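Below you'll find the structures, each written out as structure tokens.
After this come two complexes, each holding subunit A, first together with subunit B and then together with subunit C.
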Partner chain A sequence: MEKFDVIVVGAGPSGNAAAYTLAKAGLSVLQIERGEAPGSKNVQGAILYSDALEKLIPDFREDAPLERHIIEQRMWVLDDESFIGTHFRSDDFNKPPYNRYTIIRAKFDKWFSKKVQEAGALVITETTVKGLLRDESGKVIGVETDRADGKVYAEVVILADGVNSTLARKAGFRPELDPKHVALAVKEIHFMPKETVEQRFNIQKTEGVVIEMLGKITKGMMGTGFLYTNGDSVSIGVGCMLSDFMEQKLTPYELLEQMKAHPSIQPLVQGGEMKEYTAHLIPEGGYHAIPQVYGDGWMIVGDSGMFVNAVHREGSNLAMTTGRLAAETIIELTRAGRPMSGANLALYKERLDDSFVMKDLKKYKDMPDIFHSNNQFFTTYPELLSRSAYTMLKVDGVDKQTKEKEIFASFREKRSLFGLLGDAFKLWRAFR
Partner chain B sequence: MRTVKVEEKLFQNRYLVDADNPHIRLKDAELCEKKCTTKQCTVCCPAGCYTLEGQKVVLITDGCLECGTCRIICTTYRNVDWEYPRGGYGIQFKFG
Partner chain C sequence: MHSVVCIKQVPDSAQIRVHPVTNTIMRQGVPAIINPYDLFALEEALRLKDRFGGKVTVISMGPPQAEIALRKALSFGADDAILVTDKSFAGADTLATSYALAATIRQIAKETPVDMVFAGKQTIDGDTAQVGPGIAKRMDLQLLTYVSRIVSVDQEKREIMVERRAEGGVQVLKTSLPCLITMLEGSNQMRFGTMPDMFRAARYEMKFWDKTAAGIEDVAKIGLKGSPTVVNKVFTPSPRSEKAEMIAVEGGAPADVAVALLAKMAVRFPVVEKELAKRA
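Moving on to the complex of A and B:
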């Protein structure tokens, strides 16, 4: 009977962070990945936040496959034919060590997995875990894979198997995902010469730009769009809550196609060669949607535990951090000679609560609900903002005071004074 | 009629299809045909795996992106039997 200290299911950011930390501390680790290679089942925008990775691999910049470091962030609110937005660009973001990068996950995950293997973990790919093995008391003692003689055992199993987490669901650790708590994002990657990317976005060398978008592109659904610059490609995508997708008749790929045709977006992607179309779910239920994340012989990390900060578009850093905290908990218990019982693994939850992960999720705990029941944030306001800007900027012989009155009247007409004040209050309460 | 052909998008992707061994099945196809009025799987699936033939829902998983949407949105009947493909099979993202 083959037995390890720890089995990690999944080779995404959370699983890799856990496996790396454990192997480096000298524990015997088996990591199981269902893809052909680590990364071949994984999808992200993708932005890498340096901080979470630095805590694991301080010198990651030396050989990690990074696309561009972000020096400019654009936030666009789009109407059907226009956008109004802010661009923040600073040379402070151009001073190493850089704070965030665009990455291509297939490349990045392979690199991360190599680090995991160098640290001493055994990584097997092309293997799907079918279920958890439990003893009479219900304690998790291993996993069953789809290989011949596919049972393997461990003191503790870390579920890093992503947003769908079939394992946690089947074991009853987590209920089926609620369509209100998950966003579906679709994305394409368009290749073009490096020089074209640089000219279109006013950047040079490894500088990069990200654009986050909100408004009519999601057709009244709660969601956002994005466009990220990679080395010689751009990633463009759009994501909306599944509960909203369920209520309408536009397919995700039509939504993406219409977004790409927006007059402000189309020139940025035109002429590119589309080389891959992807889709992925993002757990956006926030604080209230987080399930029990530990028990007798098991722990949940990353997307599987719904660790995503939707407001700040952060996920992979929460994944890496939860993976690391789970691993550190196991290391501490192992060194103290204590068993991997639910009572002892509760230390993981304490560490989570003490970290930015739970603190941030708690801060925005009411945000998902507010946007769900108030879709004016995605339709009415983008339209009003755009029209106001157009009215003010168009030179047509009408005096500015009349224009201001016109704008104010349009806001009142669409949303009433109480509505406007109420919206401001809701946002203030959710953000404070 | 859909104006965008999802097949053209999926054509760019790399798949190792587990022939004759679909990882997603409809538990009871008749339920989809006769009871389900919304048939939102035929709208929401980002790979267009679910199509309508008259009132019948036809599922072909070859282009599946393994996102999980179909399972989660089938809230009324929970009629989707959803597993990951066998190890090594299914979508293999080149970029992700």
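Moving on to the complex of A and C:
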């Protein structure tokens, strides 16, 4: 009979963070991954936020496969022909240690898993955990895999099995995914010479640019698009709520094709060779969708616990942080000789509440609902903003005051004064 | 029953693409797998172990990263794995490879006598089907290629009976042990390893043998030096220019379809028409 201190189910960022922290502390750790290799089921934009990884592996910059450090952030609001936006570029972002990087997850996950194995965790792939083993009291005491003689035991099981988390659902720890609480995102990586990337985005060496996009590219659905620069490629993708896709009967692939054809986006990706096409679900239900994340002998981390900040497009850092906090809780209990009961593991929830993870999610707790029931933020406003900019910037002999009046009239016509005030209030409430 | 299975790590050809302009093979990012034909050999060896006991040793000659392929073989249930790896093996053709592997198997046999050597029918990257027979020749083993089924093994008499696919039928052959078998694809299906196998594979301390450990006596016979094969040119054949043609026949009665087909053939190949006329 195989028995470990901890079994971690899943080898994404949260599972790796947990397994790494635990193994590093000398606990016996088994990590089980259903994919062919750690990371083969993982998809991300992908931006790596240094802070969360630094807290695990302070010197990660020495050998992690990083693409570019981000020195410029663009926010674009698009209608069908134009975009209006802000670009923030600062040489402060050029001072090491860098704060954010673009990464290619296939390479990054391979590296991360190697770190986990070097720390001493046993990693087993191509093995699916079918269910949890419990004792008479209901305490989780291990897992059952899909292989013969597949029972493995542990003091505590960490569920890091991702957004779908069939395991958590089967165990009754979490309800079925609500299509309103989950986004479907698709992404392509287009390869082109390094020089082309640098010319198109006005960058050099390992500098990088990210563009976050909002507006008519999502056809009125709640969602966003993005474009990130890698070493010799560009990642481009778009994601919208699953319920919206179902309603609009649009496929994510069609949406991405249309987005790539946008006159402001097309020149940035043209000529590249597409080598990777991926799709993934993102849990975006926010604070209200977070289930109970601990119990007798079990804990939930990462996407499985819906830990994603959709507003700031943060997910992998929340995953790594929740994985680390879960691991630190276990380490502390183990050292104190205390059992992995629900009452003791509640310490994990306290640490979550104390961290930026829950604080940020709480701050934006109403955001998903507000945006979901007000699609004018994705259709009407982008168009109005673009038209206003066009009206103001076109030199055509009309005086500026008349133009201003024209612009204000267009806003009133589309949203009415009451609607405009209401939208402003909603936004203020969502972001406060 | 001690079986030695020879495997090779190859790029997954299903995921290889040819560069449209330069016509070169694009290997970047192509995952490495166990040569699919070798899996039939490994499974057959595991089945012999299930029936008669004994052990299965997997060997491979290749770069250090081929360890992944061997570890995978262990997770299916193989007992031991040896990676024969040495810089001096680089550039080996099938002649040099079979020399090195034969030496390795002899070394293995010093510890536990070897009853059977298994190999895949061929590899998907080289496609030569020469290494298996090369090992048999060098070790003076009976050679059975394209085996589709092991019918029986008589351990007392040290005899084995197999079915072998041959042109126009199936041969039933009997020979004495030890022998070398190359298995045909589709002859069995690789098992799903047990959880204990997964643990053993993950914890297994891989054996790395350099040329000395592998018992190589003549260094002139390994690597590039021992390889008379010269690759002149690698190219992608140009696609065929002929196009398929649909022959539409109203009503679709079989006799009408046949006549229409013959008419088409007669136009394209006049010799057919002449031949038909002669026979009519």
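Methods note: the second predicted complex is superposed on the first by the 432 of 432 C-alpha atoms of A that agree within 3 Å, B and C clash if a C-alpha of one lies under 4 Å from a C-alpha of the other, contacts with A are read in each partner's own complex, and residues count from 1 in each chain.
The rule is simple: contacts are C-beta pairs under 8 Å (C-beta built on N, C-alpha and C of every residue); 3 or more make two chains touch, one makes a residue touch a chain.
Here the structure is a predicted model, which means the values were calculated and not measured.
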Touched partner set for A:29, first subunit B, second subunit C, both or neither: neither
Which superposed partner A:257 touches (first subunit B, second subunit C, both, neither): first
First (subunit B), second (subunit C), both or neither touched by A:148: second
First, second, both or neither for A:275, with subunit B first and subunit C second: both
Partner chain(s) touched by A:2 [first = subunit B, second = subunit C, both, neither]: second
First, second, both or neither for A:331, with subunit B first and subunit C second: neither
Which partner, subunit B or subunit C, touches more subunit A residues: B
Touching partner for A:42 - first (subunit B), second (subunit C), both, neither: first
Which of subunit B and subunit C A:158 touches, first, second, both or neither: neither
Which superposed partner A:127 touches (first subunit B, second subunit C, both, neither): both
Residues of subunit A that lie at the interface with subunit B and also at the interface with subunit C: 106, 127, 145, 147, 275
Residues on subunit B engaged by subunit A in the complex (per definition of touch): 2-4, 6, 9-10, 12-13, 16, 38, 40, 43-48, 65-69, 71-73, 75, 78, 82-88, 90-96
Subunit C-facing residues of subunit A, complex: 2, 106, 122-124, 127, 145, 147-152, 275
Partner subunit A, residues of subunit C touching it in the complex: 29, 192-199, 202-203
Subunit B-facing residues of subunit A, complex: 34-36, 39-44, 46, 104-107, 109, 125-128, 145-147, 163-164, 166, 176-179, 182, 184, 186, 188-189, 233, 242, 245-246, 248-254, 257, 274-281
